[in-house]
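A, B, C and D are the chain letters, set down in written order, and residue numbers restart from 1 in every chain.
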Amino acid sequence: MTENNLVLQAKGITKKFPGVLANDHVDFDLRAGEIHALLGENGAGKSTLMNILYGLYNQDEGEIFINGKPINISTPNDAIGHGIGMVHQHFMLIPVFTVAENIMLGAETLHREKEAKSPLVKLDRREVAQRIKELSQQYGLDINPNAIVGELPVGIQQRVEIIKALYRNANILILDEPSAVLTPQEVEDLFRIMRELTRRGVSIIFITHKLKEVLAVTDRITVMRSGRVVGSADPKQTNQQELASMMVGREVLLRVKKEASNPGEDVLQVDNLHVRDLRNLDVVSGVSFDVRKGEVLGIAGVQGNGQTELVEALTGLRPTKEGRVTLAGKDVTGKPPRTITEAGLAHIPEDRQRHGLVLSYPVADNMILNTYYLSPFAKGITIQQKAVDDQAQRLIKNFDVRTPSAYVTASKLSGGNQQKVIVARELSRKINLLIANQPTRGLDVGSIEYIHKEIISLRDQGVGVLLVSAELDEIMALSDRIAVMYRGKVVAIVAADKVSRDQLGLWMAGSNPD
Amino acid sequence: MDWKRFGFIALIIAVLFTIVVLIGGKSQPAILIISSMLGTTIAVATPLTLGALSGIYCERSGVVNIGIEGMMLAAAFFGWLGAIYMSSIFGFQALPSLLVGLLIAMLTGGLFAALHALLSVTFKVDQIIGGTVINILAVGVTGFLNRQLFFEKGSIFGGQVPHGPGTFTTIYIPIDKAVNGLCGLLGSDCSVAAKAASDVLSQKPIAMAAVLLVVVSHYILFNTRWGLRTRAVGEHPKAADTVGINVTFMRYANVIIGGALAGLGGAYMTLESIASFEPLMTNGRGFIALAAMIFGNWTPFGAWSAALVFGASQAFQIKLQLFRELIPAQWSFLQNAYVVGMVPYLLTMLILTGIIGKNIPPAADGVAYEK
Amino acid sequence: MKKLYLVLTVLVLAALVLPACGPTTPDCTKEEVFCVGLVTDVGKIDDKSFNQSAWEGVKQAESELGAIVQYIETTDAKDYAKNIATFADEGYDVIVTVGFNLGVDTRAAAPTYPNVKFIGIDQDQFEGTIDNVSGLVFPEDQAGFLVGALAAMMTETGKVGGVFGTDAVPPVWRFGEGYRAGAAYIDPAVEVFVVYHSDVGFDKTFTDPEWGAATAKSMIDQGADVIFGGGGKTGNGAVEGAAQAGAYAIGVDSDQYYTLPNAAPRLLSSAMKLITPGVFDLIKLAKDGSFPAGNFYGDAGYAPYHDLDSMVPAEVKAKMEEIAAALLDGSLKTNVPPVKP
Amino acid sequence: MPETEKNNSHPRGFAGLLKAAADAPLIIPILAILTAMIIGGVIIALVGGNPFAAYIGLFQGSFGSLKAISETAVWATPYILAGLAVSLAFKGGLFNIGAEGQLALGAVMAAWIGYALPDMLGVSLPKVVHLTLSVGLGMLTGALWAAIPGWLKAYTGGHEVINTIMMNYIALNLTSFLLNGPMKDPNPLNVSARTPEIAPSARLSPLFEGLRVHWGFIIALLIAVLVWWLLWKTTLGFEIRTVGANPDGAKYAGINVKRTIVLTMALSGLLAGMAGTIEVTGLNYRHELGFSIGYGFDAIAIALLGKTHPAGVVLASILFAAMRNGGTRMQFLTQIPVDIISVIQALILLFVAADAIIRYVYRIRGSEEKLVLTRGWGG
């Protein structure tokens, strides 16, 4: 390959944030028509680099070349002008807008022969919808331009993002963690689309931390760690283990070490549970299962199949319509969260910043968020600051929370340490059942490893664990039994060692287990 | 548009009007009562509508604006001051003086809004504080200057209020002639109705502009590039940023447009409704406008109809006082001004309980954008 | 930081120099210095209404009697006593307190400052005479009666209107009821609309010109062709609104031909309380040592027709003079009680 | 929501404030006040006044004599209580614009108990009972009035900003109705819209003979300490602050969010109502229509200036009280319109809120302290 083949080059990119060197003289390039993986842990600097390429940040040092010519990208507009498109990890879509409105936003008259400058130019909704239909047919991305984005499944929303880039004639596409929210089948579909795009001349930067996917779809791999490029690899000549150690700088255990489980009596019984959403439709319909002491029951399923609502109903955050929930022998159906917590529930919530923490509170207060009213933290109605401080010091030490002190606000901690605060708080009580919903989402490998270990050790102490995760690998690694949810129903419950990954994938996609 | 909401509001207005007609119908033709009440309704609704539109531009772009009251007050003062300067110091005719005043009022509103934008967008100060600063500042500045210019003997006006240019005059819409002509062809006499129709339609320019601006704002917000971008910035600024929209610019621009509209509302008070300025003359209208905006679910037509409810309630109250002697004994509570005075506020609270649907603010309203 | 120190240095220097250029006030405690202070009601000195009229009386004392004059605007009712004391403690000789609401505090201050003469405008001394307090009161009902009669004679539709601040303040109420009585005296068939603005709370009753204008307009819609506006800025709004709508307007307190220039072309007259001369007269009496304790009756009347002089028929003018004379000599009574029953 | 984002590494609450003061962030408010006064001075000078004379007058009028200090305290008393009311609501994530109405109705109730109860019971009550009932029931009235928008917020989603504004107008109408009708002083000599005087047994005593400052000022200071204690030292305070900072997190933590919202509004109304009762029992001895106009809105500015912390509210109240009170003497000495006070107050609030301006002008390093009170309208 010659230099001429490089559609994009970044040389010596450096970016400092207060206290952090996010990119340290990073070199990166992209060849025409290839899929180039950028691999790294959370916080390795991948997103910073991409945000620089896309003009959201401006680099402190370094140069960017498109087709060999140096260019200056200081705003997303510059990037778009140079044919760069980006699909962000958190979709940059406006939920209340239609698909067409989202796509035309910022490029309202692109479909016209001659672009209009006037800010008051009328929106040509029909023409844009037509153009979107054409594009979607061309790339095999089926989509309804008039649908409200917020009402679409995430997989479809991702297509909207891709079309948004293609609509702007992008020939360089940055995909930031695109598979995080998809089913294995949807991921396959995404890969098919990616290959289709490259066949049509689009070059793709694929950011991920999932090793399997990197090996499956990419042409080239670059690995970043703590702001630097630490190496590159050819997917045909490397393996997961090698990539993983490059990523974290040491050998990591990809499999969780655990003994066979030794389950006892039922700690959680769920019987014919029905939960409705705001539109009064069943989102959980007739779910029954139980969790035994000393076992991990994993709930697999694509996001949005009722897992969130199921967990919310079990933990008292959402009313139940019908059915019965028994926790440690107590009927807790429709009880408020406090009653359920007091019955011995620990809950690691799906959205840690929204539910699990009060970001503006110091770490110490977050450590007692749901026990503040109990002895020794409260005596009567007064809070015992000393007891709170002691508890914080103890938990910070025991759970290895990396924080300057117990009094910095939780917002100042990294995602992994925020999660540790929650885990520390929830496991510091005497509990019968742990419900962990997406406990490792967005965390670095080290933290994932830590949390997995905690879950297994809890299990071995005889606590029941209900694990909900969209990561099939996580479910398979930790669970003793696996339940699969599809459209609000549990379609199968099987022993973890008696099922294949492919079989689970099929069930998650709705194929009948019988 | 939200037809349920609209229908409900129309029903309230109809009920208020009907009660008055039932009471006063004995002494005056219903059509005259209605046209008079419509006149009051429009007069009261005009500054509220403009204030609410001001809020809509700000909040659709993601900036909460509780400073509408201050912007209106300052604009009312400076607009009036400008008009007086033009007519009494430079000797301009009434109309050009008023137009200059109008322009200055809108600029004043825009300037105060720019201060709000500076605080909320650039300094990322909590937006409630920015609005509060503007409200207090406007009271102080207008009160202080009003005194210095029109009372202190040494001032340019010699310590008294000069003969100003008056107010804008009514634009006559000759609908009565058309109706009369039509009725003439049909061989009937409908001159009363014709006059009533003409009285309602013939308004002063700012009142007319307010209605026009409702339509225009609806079009701009929902059918143009500017509106799409404005709403995008108010819903999800980061998404807008990633497609190359300058969030800061859009927010500044919309807040300043909002300020200019609030300024127009202020101009209505001193250049169109009455020809003088009084300290504190906005009397909480900015806050009622804010209520109208929320009541109208952040849409121009919704806010306008809410403003009309406030206007109709006011008309209801005035007319009931005028027809006091005619109120039947069993309805005597309607004679008490204080009881009637609570009506519009109770109605608003009732509506906000969600009986006509939930109010959904722009998702990023009130949140400073950090990259 | 350098700049900070610079600023702080300047401030410290300024603080040192300050006493040197502090305020210099004439020493009112001296026998030969005659000082007059005025305390407004909650409201402004430039209200184009009674505060301003009273202040003009005080200013007249400045120019004609050589008095040292000063005013304080009250921003909150709880400051009445303090504001009065501010003048009294400085040795002011006469303190004018403007408005019915200051009555209690004026009477309370009087025994504490026996050497100070208090003039209370609109403060009826019905609770008894205090030696150093004079209540300057006006027969507002007579002024209202006069313009009511004028309105009844000038109306072509047989309907006249009055827009007032609040019936909770007696002088305002007397204006309104006098107006009603005057119209009825001319022709009981004339329909009189009287509306008091009480709907939005006390703070706005006198400061809502928009409401005044809207109400006047509504009355005109109902057929009224003469509108009397009384009660601070709310009344001003009614006068302006009426004038704009082409009806005859009648002002209040002072001759509003001069204070509401925009309404002037349609201003028929004003129901006047001659506050300015009343205040001046009392100050003069105080200076001369013949201060009258108890109630002191100022004059009430109606203002000239000004621009509309040619529109008023001679017989109307004659009738007005006749009524005024009859009211003055007591042969005609308005039959309006001093306070709302 | 109303938590300062930056909490550094020192403990929160009162100790935190003292430590923070020692670390010198007080320099920002002080410079903000100075800057505002310099600008105010320039404006005075521009219109031909003498700014030094004006400020000397302002100072004399507010702190220049015992009497002046007493009057400043009299002004500060309702400011502190109403400011605390607004602050407490902010801490709970609620914007209470309705302090104005809660205050007025609290005062109505206090006055009614004050003048009517002995007659109704036919006995004269001991001071401790009568005064307690008068203040207590007045506070309760404010609490109930505020609980209505709280309930509407919690259970129907009706926004408290609009509902409290609406309820201000309703309260004013109600007060006007009562004071012009059933509660009007029946004394034939009375013509005002006001209640009869309250019985001596329902009055708070003055602190010193001959000065108007009364026990209400001391009570207000104690209440400030109590509010601080409530917010930072009790489980209820923890619940209020948690709901304010993160309602979803609060729900997760087992806090009854809806009940807490109603309770927060009620407590806020309780304090606002208290401001009204103290004015009646300590100063006016009756409810005269309109005595409290504007207190609710001043309270918002005070709460913002005090950064919603009780200690800050006390300081901000005294500052505002001093300026309002001293304004009289300033005007007496220089005839400068008192409106200049509003201009200076707005500028102080501006500079304290946007401390980046002050930091830039005086080249002070250090990160800004962001006060987050609202998340838009929240629904």
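Going forward, a residue touches a chain if its C-beta (ideal position, glycine included) is under 8 Å from a C-beta of that chain, and two chains touch if they have at least 3 such contacts.
Quick caveat, the model's predicted, so the values are computed rather than measured.
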Quiz item: Most contacts: which chain pair?
Solution: B-D
Quiz prompt | Intercentroid distance (Cα basis), chain D paired with chain A, Å | solution = 46
Quiz prompt | Centre-to-centre distance between chain C and chain B (centres being mean Cα positions), rounded to whole Å | solution = 32
Self-check item: Interchain centroid distance [CA atoms averaged], chain A/chain C, Å
Solution: 73
Practice problem: Spell out, as numbers or ranges, the residues of chain B touching 2 or more other chains. | Solution: 143, 147, 279, 284, 338, 341
Quiz prompt | Residue list for chain D, restricted to those that touch at least two other chains | solution = 169, 173, 176, 180, 337, 372
Quiz prompt | Those chain pairs that satisfy the touch definition | solution = A-B, A-D, B-C, B-D, C-D
Quiz item: Inside the complex, what are the residues of chain C that reach chain B?
Solution: 44-46, 48, 193, 195-196, 198-200, 204, 207-211, 213-215, 217-219, 221-223, 233, 236-237, 240-241, 244, 259-262, 264
Quiz prompt | Touching residues on chain D, where the partner in the complex is chain B | solution = 43, 47-48, 95, 97, 152, 156-159, 161-163, 165-167, 169-170, 173-174, 176-177, 180, 297, 300-301, 304, 337, 339-347, 349-350, 353-354, 356-357, 370-379
Quiz item: For chain A, which residues count as touching chain B in their complex?
Solution: 54, 56-57, 75-77, 80, 86, 88, 91-97, 101, 104-109, 116, 118-123, 164
Quiz item: What does chain C use to touch chain D in their complex?
Solution: 1-4, 7, 11, 14, 17-19, 21-23, 25, 37, 42, 70-73, 75-79, 81-83, 85-87, 90, 100-101, 126-127, 168-170, 198-203, 339-340
Exercise. Over in the complex, which chain B residues touch chain C? Could you list them?
Key: 28, 32, 35-37, 39-40, 43-44, 47, 143, 146-147, 150-151, 161-164, 166-167, 199, 269, 273-276, 278-281, 283-284, 314-315, 317-319, 321-322, 337-338, 340-341
